[in-house]
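Shared between the two complexes below is chain A, which has chain B as its partner in the first and chain C in the second.
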Partner chain A sequence: MYIKDLYAISPQKTHDLSFENGEWQVLNEYIYKAVEPSYQDLIPNAQLRRMGKAVRMGIGVSLPLLGRNPKPDGIIFGTANGGLEDCIKFLNQIVEYNEGTLTPTNFVQSTPNALAGQVALLSENQGYNMTHVNGSLAFESALLDASLYFDNYHGEEKNLLVGAVEEISDYNYNIDRLGERFKEELVSNVDLLGSGTKGSYCGEGSTQFYLSNNPDNSLAEFKAFKQSSYLSENEIGEFVKSFLDEQKLDTAAIDCLLLGKNGDVSTDSWYEQVEQLFSGKPKVYFKKSVGEYRTVSAFASYLAVRLLNGQAGYLIENGATEKPRTVLIYNHFDAVRHSLILLQK
Partner chain B sequence: MTEIVVTGMGAISSIGLTIAENLHSLKHEISGIKKAKHFKSHYSDSLVFGEIDQSDESLLNELGLEKGRGFTRTTLIAIKAFREAVANARLSPEDIASTRTAFISSSTVGGMCYTDDLYHDANMQGAPSEYVKHYEGSDHALQIVRLYGMKGITDVVNTACSSSANAIALGARLLETGKVDRVIAGGSDCLAKFTVNGFNSLRILSEEPCKPFDANREGLSLGEAAGYVVLERRADVSDTSKIQAVFSGFGICNDAFHPSATSDDARGPRMAMELALKRAELNPVDIQYINAHGTGTPNNDVTESFAFSKLFNTVPHFSSTKSYVGHTLAAAGVLEAIYSILSIQNQEVYPSLRVEEPISEFPFRPTLNYTPGVAIGHVLSNSFGFGGNCTSLIFSACI
Partner chain C sequence: MTTNREELIVEFKEHLIKYLNLLDLTPADIQNDVPLFGEELGLDSIDSVELIVLLDREYGIKIKNPTEGRQILVDVNTIVDYIIANRTK
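For the complex of A and B:
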């Protein structure tokens, strides 16, 4: 699967490419809110007002990508939770009005497939359309779906819009806070990994890729990916090694590691196990830029493509500035669900 | 093309806690849509539901699970149907756990089925509930992955009412491409205040049990169900006695018309059926029975009928088994796939119940009574969802 184009709205200024050109936002917040562009030219105001944040950010990424590329043959999204703000607004109405007469807007906007449906509607795309809600592996599931789609069309050019979205609302922040996923104290994202406490900070955003089975003029390739759940900590090394074996690669073939370390002392040791396998390799800790959320591996993939094309090199931690050709992403959520994504130029 | 077969099925719905009980109700025209016994809502008295007649406590007990550990009703009914499906396919614990086994599930309400607990946690009204880490749409699947020690590919999809139909199609593609050797695919959705109020706010719920394809239909009845099928490549199945049907093809597309209604020309439903026929290398005339989406809303049944009229010179037997179980949302696709397979196995059509006056715009009418002795080689099963998601599946007799 070849990446022809990509775009993201994230807590960094990716929307105008300042982020890749070296402008890095220092964040001193509990919530890393997405820096949203003006949607004025993209979405009519009346529609914009009704859109929840997930749908708004998603469409804000889809429409520019669709505008500068041929109509894709399908649309595939991954999101753990979709439009949660709308979902809980509707829920609050249910409880507070004791199931009285409610307006359907929040309900319709809250369904996770609302984004893929809206993008299909706005771009008049009747093609393949799918939404994966596989928790913190939802983006990986979207990638798998895309690869299955391309497998059906050898020798015939096909293109897909593939991406992910996650929004922060007060409510899901509350739920995850009660679930002890966030830090109680505030440290800057500069110092995120040295905080020495449990939990992380919450991020959000939408990242999307225009994918093709035609390699011409591509920016990079999604070479392989693998997922697993409920691995034990001593199985993680084997998980990574077997993935490299399947790709007929050894650790020396990886030029740069992108790791999902999020500053949570209870689960960062898993990343350290993987770092030990690749001792001395250049590393990027992408959650320092955008925080923790369930489809953050889509952002990591975005960043990987930038690195493979000689951009955003300032984020590589150990000073190596050489342009990598093969990048491996390792991410986990709660140390329960694990994913590896391999990208190549 | 790689032939994909169904080697196991499990289902729980308002017309039965097992496949055998579901079949008995289908044959005897026993509807499960009535006043709810277990589901508590403002609408419990004024509306009717396709409720599974088993309490959460009884499910926990039967499945040997501990109370207070965050098992939602979505999860409990999913585990029960999953357990029946893998036993039916005679999968060993090692088979289920294998990296060569994929699990593709689906749900719309997912872990958010206990509306009041979610309200409590989302608004931080005191100590967290037992469900605080179990609200995600994928939670039921993750619980099953944990309980069975599954090491292979897992996925959960949500394309509203076409969700589990898409889970089955995804599973077949994993088998065709050789990525795995067996797939357990389906979905689960339980009754929740969230969905009941959602559909009520759209004013598409019927006060009386729904009557799909009736001229005076007033809307849908909501139900709850879970269902799973086991899929394998035919060439890999050594014990051919467990082959229940062939999964011949699918069509997936988007209507791209409206967030919660089907286009008047039914371009999405029509395209989904055409794509499924093409993939199955079949013609409309080869289909002997259509298990329609048939929700009972004014919009769906007329547009779906219109699509039939355009696609088929002579419309074959068709019915909506939602007249038995209500609309079970994410689970509808797999439940109707299972009912379609039962139709093939028993060579009989389960009717659309309660149709008094068929829709007058079309010269064809649904099958109105239980009809045995019908030669059924191929069944088309439709699932259309909010967001324009349209999916058609084709199941065939094993010959």
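For the complex of A and C:
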């Protein structure tokens, strides 16, 4: 799958490429909120006023991509929670008004597939339309779906809009905080990895890719990806090695490693095991930029494409390679769901 | 409970802004005699359902007949007149 175009709204200024050009936001917050562009010229007011943040960000990323590329043959998104804020409002209304008259907007906006549906409506796209809600592997599932789609069309050019979105809602933040996923103390994202405590900081964002099975003029390629749940810590090294073996690569072939290390002392050791396999390799800790959320691997993929094209090189730690050719992303959520994504230029 | 018509108009407009997320408007921006579903506010069919919910929750008015609804949900004046005549709370 070849990446022809991409766009992201994230806690960094990715929407105007400031982030890619070296402007890195230092975040001293418990919540890493997305820096959103003005949507006024993009989304009709009558629709914008109804949109929850997830839908707003998703459409805010989709429409620019659709505006500068041919109409895709399908739209595939991944999201763990979709418009959770609207969902909780709707559920609370059911209780508050004793299952009586309920407002349609919160319900319409809160379903996870509201985004893909609205993008299709706004762009008059009647092609394949799918939303994957596989928790912290939702983006990986969207990638898998896209790959299977392209497999059906050898020799015939097809294009897909593929991406992910996640919003922070008070509800899910508080639940996750009680589950010790997020830190109680405040540490700057500069020092995130040395915080020495449990949990991380909550992020959000939307990232999308315009994918094609035609390699012409592509920015990079999703070469391979693999996911697994319930590995044990002593199996993670073998998981990575077997993935590389399947691609007929060894660790030396990887120019840069993107790791989802998030400053949580209870689960960062998994990343350290993978780092040991690639000792001395250039690496990027992408959650220092955007925090932790369930579809953050989409942002990691976005960053990988930027790196492969010579952008955002300032983020590479201990590396001489400013423009790598092969990048491996390893991410896990709660040390339960693990994913590897290999990108090449 | 507001009984003064002018106060009720302002109160209704505040509800209208809140329920329909017309956050860039103030009550003064909404004219009493301008059709809600015309070009001025640009409301649509989903908004009409939101308005029905608003009337139910805030004023205890249930509109079940679509024909009746079309005669009530015209502009601020027609809605406020209907509220004054039919409110149960």
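Criterion: the second predicted complex is superposed on the first by the 342 of 345 C-alpha atoms of A that agree within 3 Å, B and C clash if a C-alpha of one lies under 4 Å from a C-alpha of the other, contacts with A are read in each partner's own complex, and residues count from 1 in each chain.
By our rule, a contact is a pair of C-beta atoms (placed from the backbone, for glycine too) under 8 Å apart; a residue touches a chain by one contact, two chains touch by 3 or more.
Since we're looking at a predicted model, the values are computed, not measured.
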item	value
Which superposed partner A:Ala46 touches (first chain B, second chain C, both, neither)	second
Partner chain(s) touched by A:Phe209 [first = chain B, second = chain C, both, neither]	neither
Most chain A residues touched (candidates chain B, chain C)	B
Touching partner for A:Val108 - first (chain B), second (chain C), both, neither	both
Contacts of A:Leu137 with chain B and chain C, given as first, second, both or neither	first
Which of chain B and chain C A:Tyr330 touches, first, second, both or neither	neither
Common ground on chain A, meaning residues reached by chain C in one complex and by chain B in the other	100-104, 108
Residue numbers on chain C that touch chain A, as the complex places them	19-24, 42-44, 46, 49-50, 52-53, 56-57, 62
Contacting residues of chain A [partner chain C, same complex]	45-46, 49-50, 97, 100-105, 108
In the complex, chain A residues that touch chain B	75, 80-82, 87-88, 90-95, 98-104, 107-108, 111-114, 116-118, 120-121, 124-135, 137-138, 141, 144-145, 148, 151-152, 171-172, 174-175, 177-179, 227-230, 336-337
For the chain B and chain A complex, residues of the former touching the latter	41-43, 107-108, 110, 112, 115-116, 118-119, 121-124, 128, 132-133, 135-139, 141-142, 145-146, 149-151, 153-160, 166, 170, 173-174, 176-177, 179, 193-194, 196-198, 200-202, 252-260, 267-268, 271, 385-389
